[in-house]
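Okay, so here's the structure we're looking at.
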Amino acid sequence: MAIVFADTAWVLISSALVLFMLPGLALFYGGMVRRKNVLSSMMHSFVVMGIVAVLWVVVGYSLAFSEGNWFVGGLDHIFLWGIDYNSTTGTIPTYAFVAFQGMFAIITPALISGAVVGRIKFKSYIAFITLWSLIVYAPVCHWVWGGGFLTGEALDFAGGTVVHITSGISALAILVFLGKRKGYGVDVIKPHNVTLTLIGTGLLWFGWFGFNAGSALAANEIAALAFITTFVAPAAAGLSWMTAEWWGTGRPTALGFATGILAGLVAITPAAGFVTPMAALAIGVVAGVVCYNAVMLKGKLGYDDSLDVFGVHGVGGTAGALLTGVFATVGAAGLISGNSHQFFLQFEGVVITMVYAIVCTIGIGFVLDKTLGLKVSVSEENIGLDQTQHGEKGYNF
Amino acid sequence: MKYVIAIIRPERLDSVTRELQKVEVSRLTVSPVSGYGAQKGYLEVYRAVELEVNLLEKIKLEIAVNDDFLAPTIEAIQKGAKTNEKGEIGDGKIFVLPLDDVVRISTSETGSEAI
Amino acid sequence: MAIVFADTAWVLISSALVLFMLPGLALFYGGMVRRKNVLSSMMHSFVVMGIVAVLWVVVGYSLAFSEGNWFVGGLDHIFLWGIDYNSTTGTIPTYAFVAFQGMFAIITPALISGAVVGRIKFKSYIAFITLWSLIVYAPVCHWVWGGGFLTGEALDFAGGTVVHITSGISALAILVFLGKRKGYGVDVIKPHNVTLTLIGTGLLWFGWFGFNAGSALAANEIAALAFITTFVAPAAAGLSWMTAEWWGTGRPTALGFATGILAGLVAITPAAGFVTPMAALAIGVVAGVVCYNAVMLKGKLGYDDSLDVFGVHGVGGTAGALLTGVFATVGAAGLISGNSHQFFLQFEGVVITMVYAIVCTIGIGFVLDKTLGLKVSVSEENIGLDQTQHGEKGYNF
Amino acid sequence: MAIVFADTAWVLISSALVLFMLPGLALFYGGMVRRKNVLSSMMHSFVVMGIVAVLWVVVGYSLAFSEGNWFVGGLDHIFLWGIDYNSTTGTIPTYAFVAFQGMFAIITPALISGAVVGRIKFKSYIAFITLWSLIVYAPVCHWVWGGGFLTGEALDFAGGTVVHITSGISALAILVFLGKRKGYGVDVIKPHNVTLTLIGTGLLWFGWFGFNAGSALAANEIAALAFITTFVAPAAAGLSWMTAEWWGTGRPTALGFATGILAGLVAITPAAGFVTPMAALAIGVVAGVVCYNAVMLKGKLGYDDSLDVFGVHGVGGTAGALLTGVFATVGAAGLISGNSHQFFLQFEGVVITMVYAIVCTIGIGFVLDKTLGLKVSVSEENIGLDQTQHGEKGYNF
Amino acid sequence: MKYVIAIIRPERLDSVTRELQKVEVSRLTVSPVSGYGAQKGYLEVYRAVELEVNLLEKIKLEIAVNDDFLAPTIEAIQKGAKTNEKGEIGDGKIFVLPLDDVVRISTSETGSEAI
Amino acid sequence: MKYVIAIIRPERLDSVTRELQKVEVSRLTVSPVSGYGAQKGYLEVYRAVELEVNLLEKIKLEIAVNDDFLAPTIEAIQKGAKTNEKGEIGDGKIFVLPLDDVVRISTSETGSEAI
């Protein structure tokens, strides 16, 4: 089939936008840690661009998207064998599709890094990302999008389940081995530079248009729909988080507003091309409030998901996946269209993914902890990971 | 010789140095600091965690002076640092510490010569 | 009518680019304030993304673009009623059009914030933005682009009048109630981080390609024209501002060059798709010099338009609107094509918009000042808005 | 010929992306200098946007792309004469082509600035950029892309020779007159803010998709190929640099990883649309290691190419140009396709360009040194260029 | 009167100020510093050049106190600054300097009144 | 015991600490400051407003030493901080203040032990 140039342009620019989310994430997270860990935290996002991009073209794409069984793809396309510049997927060159999907494979493990800042060994982080990409991401991606057993069942427009639930829940699971940062809950750990986090939020939202609207894989009316829902939901979520916080603490913080935007982006992701803008508004409002409360709860439960990966991506992703089952009206039918079965399918997708991700992450964590060791020493943690893991400092005179 | 440390409001820095110039004190060291004091700050909130803090931005001046320059220096700082005629909470403080010796690195001059 | 995919792709990416101007603006302004107000200033741009995005889909779009009278649109499309993913506007999905126009509705009030930094109450700012969007922006947008009485009269390719004149003049008007920052004119208030302002300038220029070239609403030769004029004019304006400054003070500053670029972007906005690149060069040169002098003048007149919203957007926007009436040759005829009537129409458009914006802004300001109060207390201003309005600090140890 | 809308959209967004590389470069370089030179360094990138954009539409475009002789284009299109909004080049409006090519003309001289930070007079820098654009860039661009004697001989997909070799080698040549920074090799000169450099890297990679994939000048399968190679090569180069560094010093630095990405981007540039993704992987790996060693070598040779323009762009560009001659398989044939002649042509292109750029740069440098003077005084260097050349400081209390 | 300078770990700042509040010392000046000390840092590498450095991030507190407040102040700092019961390398140091005079800028009070 | 404060050029920091190591002074505190001095700065311009300022970037060292270490410390700083043999304007200054007491937080050692 001949490619459609407009669709190609759209998917290519969308791919670039999704890759641009990585520096966005690096800033978002990097601003929230202490100065002594800023480069380490940013590197957690950057190095994934290196590792997973290479892994993806070597084997990941094949595991996720070549024909295989219900669980995982085959090895037909390792090293991108069998694909050349004339190959097409739908209306676009296959290379464009590989690149676009590769960006998703990159951002997903990078999201996890927010939970482990300030205490994970760099080499173990690299090992973790590598294993996690192959063992968790590639199969789940295959299930939902690549022809696996959830394809055509659970609705997931742009990765609520594949990206956000897997990363959010894995962030929680890996804490079994990493525990808390020293002084967590006693000393006060403040973001060293909130302006970085705000810039990061800007980059993330910008890039997310590629993430969601690009997932239409065509420059059509569904792309436009996904675009406008990705515009409305985070706006609403930012406001609802800010309102909750204003109400609760008397202070509408910039950090809170930014986190609310992110929660809205996460929640609209599975729904983007299936719901109306007004449903997106509702999803955004819910996501802001729910994630705010999830983050509040952390304080009480006492685990140290340092930058709230679970509270935002895990909870927001789950909320989004379920609400997709409620509000879907475009090209699918959810609860409000009287299709309660879809809601059940969504629920099923969430649970299966969560269980799989938890089990695998704990398995990977266990092996790495016994071999390389996951956590730095107390003294290294005190000094900071920039100096101890990378031999450099973020800021010099 | 004395080592004068003054904590002032950031926005008054230029007017303080202007006053200091007038009394011919033109060497000093400046750095940004944060201050707790009579002037209170506000509750801070990070990711839904409330913190009681009241650090405010201030500027710290350090000036080594010979004894006969001490009084004019202090006066000049006060003049420059006051927000208005009668002064306001948060305008800052001046601390005077004894200074045993000074060395000018380039010339190896020492003592009051070197200040 | 069927949509054109290429146009859809172009308007969608342009919409994303325009939204990206908001973090750009946040950085541009945020770098110029003092450390104690950096988050407050950035939040002025960020929170508008939340408020106006929601307002726009709920009611603003309808007021601006649904059929109404000469003055304002009707309520046919509130909550985007009557629009679904199959609706089209020109050659693109209506949802894409709504989103694109929504971005303009967002950036316009955010521009005003540069005048009021360091002394406006956050809750009053929110109220101001809300009212101003509905009372000033939506009608003026309707006049010029939505079928109101200036449609087809005053030329305004991408918002010189609708965006920059309204915001620039309103910035001046609101100062009636906000007055000066404490110490203005006595103490020296320097930008706390010029690198942020430079990054912001980069984001703004980048986004402005979407703003201007996207306003062609098609990926055609007019888009290409608007693109190249948006490339040439700011370059020329940056140089002319820098030259004026070098001449006047002996120092070509980075901040000056950046502000010149912005002045050029503002001035070319109404003209972008109507003039040749060489006319854009001329417009840029004029804009740089004129805005430089306008900003100089402020010092003499003694008002505290803190970040020169009027000097850049008000003056630059006016210069651009009038020069459009001079240089228009593509798809319209200006003075140099012998059509002096167009110049008159431009003038008329500017004056009517200015008067309307001033009157409304003063009205809104008056009401808010009497109810919520607009200005923070002297002590809060001293301490800074980050701590007093948001309970946080930009930078922590 | 009628324009293709999708191609127009793609080239326009690509042009915007390439311009966005300038703030990226400003950050990349700005983060690596000391605080006292940060604005000066950033201005080196920013001011080029002003100067070269204007030069380009006035005369540069004509010199590079209008019909001329084997050496340089004519003056037919100065002031863009003979072009209007209906003109087309290939499948896109000529204005789009002019803008896209203008972005390349801008970034090339800006790259050089990394070698001269902290010691060049601002006015001399402006003069240098102006002359260099006209004397070096425009002719070489004409040779390779504009119908000159290398057109159709040396393969250079997106500017390995035209952009990176010219700038990299000129950076070295100009050091003849600028020498070392004071204290170089004795005092330790550390990057003042590595986070800026990392953000810059993110912007550069993002923009580079426009640079390389946009160079297809159409939204087709070659664009997709260039896109995916631009995705894979820098990832591989980042990893290979990091590995070399880890091996050599025991520390995988963030700065190193970022520089590796850049080296990969440079090296893939000439090859982007000619090689497979697997060849891109190989090119990336080689580029990372080779450039790492080139930068190491600098320390031993003792010249002060402050931010390693030669080590990254000169060496990386040369490696890329030669490897294109090895790996080209798509639309051209290299060594691995048994065409050793192409390798020779690549070699020839590199050598001729290098010699020409060196000679001209030394000539320009000589004249400027004798007239305006190139280097600031020792005392100005001590105080820093921000204060002495621009009368401002990057950071204020 | 004494001028107390304390170097502590950044993360202990809040607990130190909490302890100081308890002994009614609520005025102080804070700034970020870098410290070399018994606690060692690490090799740094910039663009393939290795550097031997071991600067660590610390916080510096400056507190002017009247003599009778000296002992409680030091105690409070120690209490707040220790990482754990027995203390750890890198917990910091307290320096006590003589202080000749203090001036409160807004009121022109001097001496122990002004502290 | 003395409290030595030195203001040096940023780029000389490493050479100063190297010299200090040689005389076995390996504990110190560093912070970035701005200095006015004999070395003049330049006119600054912000948004078309000219300002007369001449703040230059410097580094401040603080070193508490026992009396017998004072002379070597000063010498080492001088040696490391000089731009060249004969020294140049702007190379900096050293201030020596009396120091009453030192406490090491982790161990509660005091006095010259604790330095």
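Here the chain labels run A, B, C, D, E and F in written order, and each chain numbers its own residues starting at 1.
In this section, contacts are C-beta pairs under 8 Å (C-beta built on N, C-alpha and C of every residue); 3 or more make two chains touch, one makes a residue touch a chain.
Not measured: the values here are computed from a predicted model.
A.B. asks: State the smallest step count from chain A to chain B, taking one step as a move to a touching chain.
C.D. replies: Tracing touching chains, the least step count from chain A to chain B comes to 1.
A.B. asks: So using the touch definition from the top, which pair is joined by more C-beta contacts, C-E or E-F?
C.D. replies: Most contacts of the two pairs: E-F.
A.B. asks: Just how far, in Å, is the C-alpha centre of chain D from the one of chain C?
C.D. replies: For chain C versus chain D, the centre distance works out to 33 Å.
A.B. asks: Whole-Å distance, chain B centre to chain C centre, using C-alpha means?
C.D. replies: Computed from C-alpha means, the inter-chain centre distance equals 41 Å.
A.B. asks: Using Cα averages as centroids, what's the distance between chain A and chain F in whole Å?
C.D. replies: Centre separation, chain A to chain F: 47 Å.
A.B. asks: Which chain A residues sit where two or more other chains touch them?
C.D. replies: Within chain A, the residues that touch at least two other chains are 4-6, 9, 13, 34-35, 188, 190-191, 199, 203, 249-251, 253, 255, 391-393, 397.
A.B. asks: Return the residues of chain E touching two or more other chains; collapse runs of consecutive numbers into ranges.
C.D. replies: 10, 13-14, 30-32, 43-46, 50-51, 55, 57, 90, 97-98
A.B. asks: Chain touch graph shape: choose line, ring, star, complete or other and state it.
C.D. replies: complete
A.B. asks: Show me the residue ranges of chain A that touch chain B in the complex, using the header's touch definition.
C.D. replies: Spelled out, the residues of chain A in touch with chain B are 188, 190-191, 245, 248-251, 253, 255-256, 259, 292, 295-296, 299, 308.
A.B. asks: How about chain C: which of its residues touch chain B in the complex?
C.D. replies: Chain C reaches chain B through residues 34-36, 182-183, 186-189, 379, 382-384, 387-388, 391-393.
A.B. asks: Which of the residues in chain B end up touching chain D in this complex?
C.D. replies: Per the stated touch rule, the residues are 10, 13, 30, 32, 57, 59.
A.B. asks: Chain E touches which residues of chain B in the complex?
C.D. replies: These residues of chain B touch chain E: 2, 5-8, 31-38, 51, 53, 55, 58, 60, 74, 77-78, 81-82, 86-98.
A.B. asks: Which of the residues in chain C end up touching chain D in this complex?
C.D. replies: For this pair, the touching residues of chain C are 4-7, 9-10, 13, 17, 34-35, 190-195, 198-199, 201-203, 205-206, 209-210, 213, 218-225, 227-228, 231-232, 235-236, 238-239, 242, 249-255, 257-258, 261, 276-278, 281, 330.
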